[in-house]
Every structure is written in C-alpha cells, then in structure tokens.
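Structure provided below as structure tokens; questions to follow.
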C-alpha cells in the first residue's frame, strides 16, 4: 500500500484542526449544558434536553441543511456574523468545525451529565460550608470529580468529529484543503469504483488516529481513577 | 400542513420497529461490553475499546459498506446466517436494525460504562460477602445502580437509530415499507427541489417522537433518582 | 448565644426543636435517630426547616417570618459532618486547607498545631480513599477547625476514635472555645464527652427537646434516666482551683468550701473549673473511713432517693448549692439506712474525677459571641 | 479457633499480624490507623495479604504456600463494615434479607427478633439514603446477623450508637456467640465493650500485634498502658455464679472463693461468668471499712506497683490465681504505705462491676467451630 | 495564479478530475473540485458558496438554481451525456432481454438495484424507462433503491443484487460488473449533465466550461463512459 498522498495528509491535518476546534468550542458548552440539565430545575428543562438530541435524531444531511440555512452568508446568523464580525463559516474549515461540533454535541452532553449527576451533592455542600462559592465549587469540586465523564465526552466528540460526514458535506461542501476532512476524502474515494484501495488506506489511517485517541483517553482516565482510589 | 401520508406513517412505524429491535439486541451487548471495559482488565482491552468506536470514526457510508460486505448474502457472516439459519439481513428491516444498532453501539457503551464505573465496588464486595455470586451481584447490584446510565444509553441509542441514515441506506437500501425509515424518507425528500415541505413535515414528526423519548427517559430517571435519594 | 426554634418534617419524621444556649459548648444528646443531625444541618443551612428561627447572638441565620435564610457560605460555620465528606480528589493537605485556597478564609489556628493535635502529619500527601475510618474523621475535624469558623458544628466527631486520641482532642476543643470564643454545637452519644465539654445540654428525643439547661442541672435530673443512659448518668460540679500539690502532682479544687483532690490540671489558681462525677463512681459512707485509697470524702446531705426496679437506687445529694448523684445498690441503701435529710459522706476516688476542662468564666470572652 | 498469620503492604503501611484465638469473641483493639480494618478485610477475603495463612478451625480460608484463597462468598462471613455499605437502591427490608434472596442463604436468627433488637421496625420500607448514621449502622448489623454466617466480623459496629442501644445489642451478641457458637471478630475502640464481650484480646499497634491472649491477662499487663488507654485499663475476673438474692436483685459470684455481689444476672447457678473491673473503679483499703455503700471488699495481695509519671500509680494485686489492677494516686499509695506482698482489700463498688456476660464454658458448643 | 472551484455531482468525479489536471497543465490555472450530491451542491451554490462552476447530474437542480438566480443562465450548457444500462455481476454476464418475464426471471428472489427514484437522478431515469417499456408495475416491489449510483454498482458487483440500473459511465469503470442490457434512448428523457457559471464566479470560469467541450475533454469523458454532447 502506498503512503498517504499530500492531499491525504492535508485531509488528516485538516481533520485534527476541525476536530480540535470543534472540541474546544463545544466541550465547554457541553459541560455547561450538562451541568444545567443535571443540577438545575428550570421551565423548559425537558425541551432543552430534547433540543440537544436533535442532531442525533435527524439525518445528518438535514442538520447540514439547517446549518446552511442558518449560518450561510444570507442566513440569519451567518449574515449577522459576517456583517458585524466579518466571520464566514460556510464553506470554511471553521464551518466544518461547527458542523462537527453540533453533531458531536449530544454525544458529549450525556456522559458529562451522567458524571456530574454521580458527583455527590454532599461534597458540594461541604465546599459551600467551607466558603467556596457556587462557581468556585463547580470548578474545584464538581468538575474534577466529573472528569472521567468529560474525558469520555471529549473522546466521543473527537471521534464523531472525525467521522462526521453528512452534515459537513451539506453545510460546507467538500472543498480540498478547506473542508475535505478525512471522512469526506474517504467518502469521495468510495464514489469511484477504483477508489477502494485509497478508501481503505484512509479508513486505516482513521482507525489509527482513533486508536491513538482511545489510548490517550484511557491512559488519562486510569491515572485519574488511581488517584481517586487512593495511593 | 398536511397530515402524514400512509407511506409516511409506514415509515414512522418502521422507524419504531427498527429502533426497537436495534435497542433490544444492542443494549444487552452494550451493557456487556461496558461492564467488560469498566471492570475487567484483559489483553486487548484498549483495542476492543477502540474497535467499538469505529462506527463513530468512519463515515457512516463506509460502515454501511463494511456491513454490506460482511452481512450481505455472499459475505462471510451473511452467507453463514443465510446458509445455516436461513436469515437474510441485507435489504430487510432487520438489516436496518443491524445498521442502526451498530451505529448506536459506541454511543451506548460509554454512558453505561461511566455509570458502571460510578458504582462503588465496595457494594459489589458486600454483595459477594452476603453470598451473591458474580452474575447475581451484577444483576441485582451493579445493573440497578447503573440504571441512569442505561436509560441515557437507551435514549441515545434510540435517537441515533432514528437519525441513522448513511449506513442504513448503504447496507439495506431505501425500500419503502421495508427499510425506508423516517430518516431515509426525510433524506429522500431533501434530494428533490420540491420536497422541502414534506421534509419539514417529517422533521417535525421526528422531533415530536424524540421529545416523547426524552420525556419518557427523564421521567424514569427522576423516579430512580428520587428512590436513591431516599423517600 | 445560640437560639434555635425550628419545626420541620422529614418524610414521616417530625422535628420540633426549641432551645437556647447561653454560650460555649452546646451538646446535643439523644438516641440514634432522635433528630440530632437534622438539627445540625438546619443550623448549617444545609436543609431548611418548615418554619422557625435560628440565630447566633445578633446574627439571624434563618427566620421564616422575616424571610431570612443565609446561605451555608454566609453562615461561616465549621461543620464536622457525621460522615466525613472529604474531597476524594484532593490530598489530605488540600482538604485541610480547602477553606483557605477555595473559600478565601483565614484559619484562626496554626496549621501545624492542628495537624499535630490530630496526628495526621503522615497523611498529608495521601488522598482520602484509603484512609482508615478514624483517620478520615480526624482530617474532617482538622478541615473544620482550619476553616476560620464563627461557629463549630461537630456531629459525633470522636465516634470512631480511640480513647487516647479523644483525650487529646477534647482539651483542645475546650481551649478553642475559651480562647477563640467560638461557640460549639457538639453532637455526641457519650455523656462523658458531653460532661467534659458542654455548658448547655440539650437532650433530644424522637424529634423533640426533652430537656435543656446547664449540663450540671440536666444531668442530675432523675427523670431523664432512659435518655441519658443509666450507666453514664452523673453530675457536674463547678469549683475553683485552690492549690497545686507539686509533690504528688495533684490539684485541689474548692467546691462549695470542700476540697476535692484531682490529678494536676493545667489551670491557674483561682480559675473556675468543672468536674464530672458519674453516679456509679460515687460511694456513700456514714463516716469518713480511714486506711482507704479514696481520699475525697465530701460531707453532703441526702436530698432525694429513687427506688428503681432492679438492684439499684439513685441518691441525689446536696453539696452546698450543688448536686451530686450516687448510684448504689438497694441493698446498700437499706444497710446504711439512708433517708432524705441525712448527712453522709460522698466518696469520690480522686482518679475517678474527670479532668476538669471547661472554664466557666465566660465573661472574659467579650467579643460579642457570648453573653452570659 | 481462628488463626491468623499474615503479612501485607498497603502503600507505605506494613501490616504483619499473627495471632490465634481459641474460641468465642476475638477483640481487635488498637488506635486509629493501627491496621484493624485491614486485618478484618483480609479475613473476609476482600483484600489479599502478601503472604500468610488464615484459618478457622480446620477450614483454611487463605494459605499463600498452598495457594488457597477462598472467595469472600465461600468464606461465608457476616461482615459489619466500618462504613455500613448498605445497598442504596433497596429498601431496608431487602437489605436485611439480601443474603437470603440474593445469596440463597438461610438466616439462623429470626428476622423479627433481629429487627426488634435493633429497633429498626419502622425503617423497613425506607431506603438507606436518608437514614440517620446510627440507623444505617443498625441495619448493617442486622444484615450481617441475618446472613447465616459461619463467622461474624464486626468493625466498630457500635461506634455511632447510643449507650442504651449498645447495652441492648451487646448481650445479644454474647448470646449469639454462645447459642449459635459463631466465632466473632470484634473491632472496637472501647475497652468496656471488649471486656464485656471478648475471650481473646488482640492489641494491634502500628500494623503489629502488640499483645494477644485471654482478655483478663492482656488487660492487666502494665506495659500496655498507651495502647489500651489509661482511662479504660482494667482487669477481667472469671468466676462462677454462686447464688441469687431475690430480695435485692443481686447475684453473688464466686471468684477464687471470694463472693462478689453484682446486679442480677440472667445466668444459671454454677455457670461461669466474666467480670470486668476497670482499674480506676477499684479502691484499696488496709482493712474492711464499715458504714460504706461499697460492699465488695476482696482480700488481695499486692503484687506489683508501677510509679508512673504524674499523679498516678498502678497496683496489680493477686486474687488467688487471678489478677486485679487498681489505679490510685501516688499520694494514696504512700499514705497507705503499700508494698509488694502486702495483703490489702480491694474495694469494688458493686455497681461498678460490669454486668458479666461471657460464659466461658465453650465446651458444650460441640459443632466443630470451637475446640477449647 | 488564479484558482477555480468547481462544485460537481459526485458521479462525475473521475472524469472531471482527469480533465481538471489536463486543464491545469494547459492553462496553468489550478482547479479544485467539491464533489457531493447534486442537491447538496445546488443548495450550497444558492447559499453563496465560493463556487465558480456548477455541474449537476440533474437538470432539475440546474433549473432550481436558475430560478434562484444563483447562476448565469447564459452560460448553461450540457457538458456530457450518458446512457442508462442494466448491469449484472461479472459472473453472470448473459445478455438480458428487456421483457417482463426475462427481467423477473433474472431478478428471481433478489432485488433490482436502482438509485432511489424519488431522489437519485439515475433512479428517476430508470423508473421512466421501465415505465415506458411497461415493466415498472412488475418490478416496483422488487427494487432496492440506493442512495447513489456508486452504491447501486457496489451492490451488484458484490452479488447482493442480481441486476442493477446504472449509467453507462458507471458500468464502464467497474470491472466486476457486465452490461447486460441498454435502455433505448427514447425510453427516458435525455441524460445530460448541465453545467453553468455561478453568479460569484471569477472571470476564468467560462473558459473552463468551454474547455469541457474541447476534444481533449471529450476524449476523457468518452474514456470513462460518458457520451459526447453537441
């Protein structure tokens, strides 16, 4: 099998950029959403929860269309971003990151929410008694204790960002060097009958990256677990 | 907006069948895999973990191809199933359920694994001391305590099964009444310029179903939480 | 001054507790499930009463009428929870200093002193998971002590500690109360601890306050037998350090003009102190016996005698204005022919006198938290 | 017969414990962090020693040489954990009967009796989360008792219980030991509990066994001061019920030919019993004093005198073949002029004698678990 | 130099990429392609995608963009045409008569793979041809509608479907299938691939569109199975 072509290497690099940006933006939001769902009772709680699941429920292509309508340069949000902030997302790698982030979002909220729900509120109470405010308590008690869930979420989010295809190709198209991630490049190869070898090569590349990510997350998780288990 | 057409109602019913079967088969397997990953150390642990993430990492269409190759009537597994058990999966709704289950699998394993890891092993020890065997302990201690994670997993799995499109259409085609789920019907409408209204109608239908699923899972989760919180 | 007047409903359990304690240590005493922890949680602001009022001196922590409900943080309470509640992801050191780095508070006690007192120096860099039960509890005590609290709530803090450790911590708590003038609410099953430490004793039974008052008074009340526990019932005497006998390492304490000899006490001459005498540790004699290792023989007058079921009788005696309680067999009672009004001698083995700890001159603590 | 010989390393903590206890209740006594829970966990099979051997009679639970390591389930041990470990998703009732419906075991004690003893009847349909600390502990005790155990491991089971409840449970445990012949390993910080219950006392200090032997012997050893706790040190006397005085509700116990009068005991005449006398509850007199509520005056001989630092002296006396320990002030010691070999009288307030519980005639338990 | 971006139907990938490199060699202008389904790229062009040229596999989407005023109507032209064929696995290359009995016999227990008639152009043409040949009613229940032509092809190549309806261009480059029948040209609307220059195109875009009609480009189209257009 041949080594990766420059275009393919470009796709790999782009995938990391897209996945990285998607995580960077979506993870904090997912943590916030998960915390809100886990610890607060507010009107529209279940509605909010259901909305978060939408990208999972709808075919990715539909999500991509919705993004295109909202974030396209003529869309309500995209227009605003462009007119006032000069930001264009459509057909840019940042848009690919947005699509990846949106698609990964429901996958990230759940594990984090479960992990936060598993944090004993009695410890948060104890922190408050000791003078820590709500926000400080969140950062030094809740968050560190929910870390296994956050790591799991980051891993799932990154994996999904790597594999995301339908929403991405629909929202930001399949432009080499800009939005053609590993997943789109792989898809593109499957579109020609003689692309199988190249497709396989990219699939293996994707698998290797995923293995790396899983190993890294397991490593971190175990270190954390060892800490909590004493030692 | 028009009410759903009979074909669309058929797609909704099919979606429940496919999602239901996918859950029925995949959930127990996901619980098993999650338990193995959470509680056992075995060679190939991380490899197994990474493999589970593959459907997330690869574009769904690729997963669909792989399923087609493996489970098609001439594929190694599909051939066996057909020759010895008379089971055909390709182009059948059961195959759609397989695709949905495979795609949902990584989403289900994680929450369950987190929930199992959050169960205090000291309680399992206590159960053992009291004479309960490993398997009994799993069913009456670990599993009930991990229930919030299992419910979350079931919800995510069902949502993904509803939204799954790429792997399904590739593996089992888009046969009305057999494999054309809500998601595929919705996708099909988006592919023609005049299908927007119908697509929107189906998207709303999907959203309503998802809302129902979220409400149901929240309801069950809260009842569980109230129990564990005493009362 | 701590004043509590609350009503609450927890599941099917009704809690209705009203008590005031003038200063120092208030002990909550009662059987398991009586409602002690519930009261403590409400003082700490961790659960909310249905109605009522909780105040420490002028500071109202909770008032359902005036819609006041300070957050646990605002209450600045050092809380030793019944179940430790250590932060599992932090080292013991970070747990101990939590209120400093996370809560921005300043400890009023030196870190090293607390660590030394609790014997947790070797644990500082470990995490809580594998600590032994008692180690965990000690860290929890340390964390509360180091949180610069205005009030200290201690929910059975010494339950899983050994006697030796207890005897080290108790005097320290007492010093704390005196020197830092921090009011302490102390939940305990042990009358011995209570007697050594508390000013005010609140007996809680089945969600209700069964008795409240100065420790000495409440402890000698005969009607409280079952709640306080037969074996431990006793009395508390207030006295004043009279002299110190260096040769024998003994201190003489003047109680109502009578001298009681106790092991040396680190207290100044003239200082007021507290003695705890368990009823079972006191014998009665018709005359001062000789050739006996018991050297404390106090002339008292029999006040009241209870004939209980079983072999025992309880005899309450007056020592001046104060009261003593002796538990003797009915057989002895009859053999000695004791009757109310009769003068007898109460024999107290000097070594059976609890080391007096609590100074009563609270007036010198004048920073606003005590009013007696 | 329980025989333990283990070595383990937990983090930086070295544990090396070797002891044998012939039958009945074995008390593990030691300061917080000494290694008691670690030993108990290894007996239960919840953690594995580095090397060693653990056996109950003929049944080897663990043997590193012979590569035997029974699972916790096979060991059939009723374990009361230091931290309750109740199943949070099950009602109290389901928790109590867990070993029956989940473990397929048959309880050897009636459910209602255990529930009644522990006073948890009202909690049966609740879940553990909101139980009070003591309630949780009682349910944990109940769960272990109802698990039809071959051995009972109890890790500070009574630590957060009130005195009254303790006095109800202790005799029950004793009955259990006698009637069901179940060996009990009992971890406690309270010498009082230990003395009332245990046959064999194992003192653990810093991961090592400091002393092991019959309770009476170990408790009178003067060199164990710090570990056993000054305040609680004492002695144990074995005697035989001699007669019962119905009028005064007293029992006379024959100890080495001397009569000791104690509150009535539910035991048959002729039965062997155990008395616990704390050193601080014993006074010494040169002659039998009259007109005194203390009625037990035992003629003893001074054996050994320790001058401690501080005000105290410890005097070990022989009562026939058995030993008594008295703690008196140095001042008294000199005033009475006590010397080794001198005959004196040991005064024991009858009410200060712990109610004797432990019968020693284990030979009648002949089902294979005791061999004495 | 300047760079052209072409949004094109995924089914033209091989041909267009070859033509693109030839164009770069000849003119020095780099051409990049974004391949996706005709519908996706059409909506993207409508949303203002930075595409210079749009090439659809479906006249309908070109009309859609005309209406949306996203392309220059004057530049619309057909860049290639195609035939519609029936393929079977290589191992079963016996020619097929397009009659009801022959078709049903050949499908047997299996299914006829076809692009989803409602959404995939190849499927729509296939349905039209089958209808005009009077075969539709007989096979309607035996279809395996696929997401796109490549999947259809793969299903046949792997023997999952005994027959499939695909373009002649697809059949030409998949060695594991054999063409067993060709639908008559008049049984379906002309299969053409319209191209146009978008409203945001750079000046050089028309030149590329023109290039697609040069002999060099036609040769490449023909090599991968497309038909020339006039």
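So that you can tell them apart, the chains are marked A, B, C, D and E in the order they are listed, and the count of residues begins at 1 in each.
In this section, contacts are C-beta pairs under 8 Å (C-beta built on N, C-alpha and C of every residue); 3 or more make two chains touch, one makes a residue touch a chain.
Computed from a predicted model, the values in this text were never measured in an experiment.
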- request: Please give the intersection of the contact partners of chain D with those of chain E.
  value: B
Task: Please state, in steps, how far chain B lies from chain A along the shortest route of touching chains.
output: 1
Field: Chain located farthest away, centre of chain C as origin (C-alpha)
entry: E
Field: Cα-centroid distance, chain B relative to chain D, in whole angstrom
entry: 57
Message: Based only on mean CA positions, could you tell me how far chain A sits from chain D in angstrom?
response: 60
Message: Taking the mean of the CA coordinates per chain, how far is chain C from chain E in Å?
response: 90
- request: Find every residue in chain A that makes contact with two or more other chains and list them.
  value: 61, 65, 190, 230-231
Task: Find every residue in chain D that makes contact with two or more other chains and list them.
output: 11, 83, 126, 130
Statement: Expected list for chain E, residues touching two or more other chains, is 154
Field: In contact (per the touch rule at the top): chain pairs
entry: A-B, A-C, A-E, B-D, B-E, C-D
Query: Contact residues on chain E for chain B in the complex?
result: 37, 39, 42, 60-61, 63-64, 111, 113, 116, 118-120, 143-147, 151, 154-155, 158-160
Field: Residues of chain E touching chain A in the complex
entry: 5, 7, 10-11, 13-14, 32-36, 40-41, 43-44, 47-51, 148, 150, 153-154, 157, 170, 173-175
Query: In their complex, what parts of chain B are in touch with chain E?
result: 61, 64-65, 68-69, 72-75, 90-91, 166, 169-170, 173-176, 180, 187-193, 195
Task: Quick one: which bits of chain B touch chain D in the complex? Just the residue numbers, please.
output: 122-123, 125-133, 136-137, 140-141, 144-145, 227-231
Task: Report the residues of chain D in contact with chain C in the complex, numbered from low to high.
output: 10-11, 30-33, 36-37, 82-83, 126, 130, 132-135, 137-138, 155-156, 159-165, 167, 189-191, 226, 229-232, 245, 248-250, 261, 263-264, 280-281, 283-287, 289-295, 310-312, 326-336, 347, 349-352
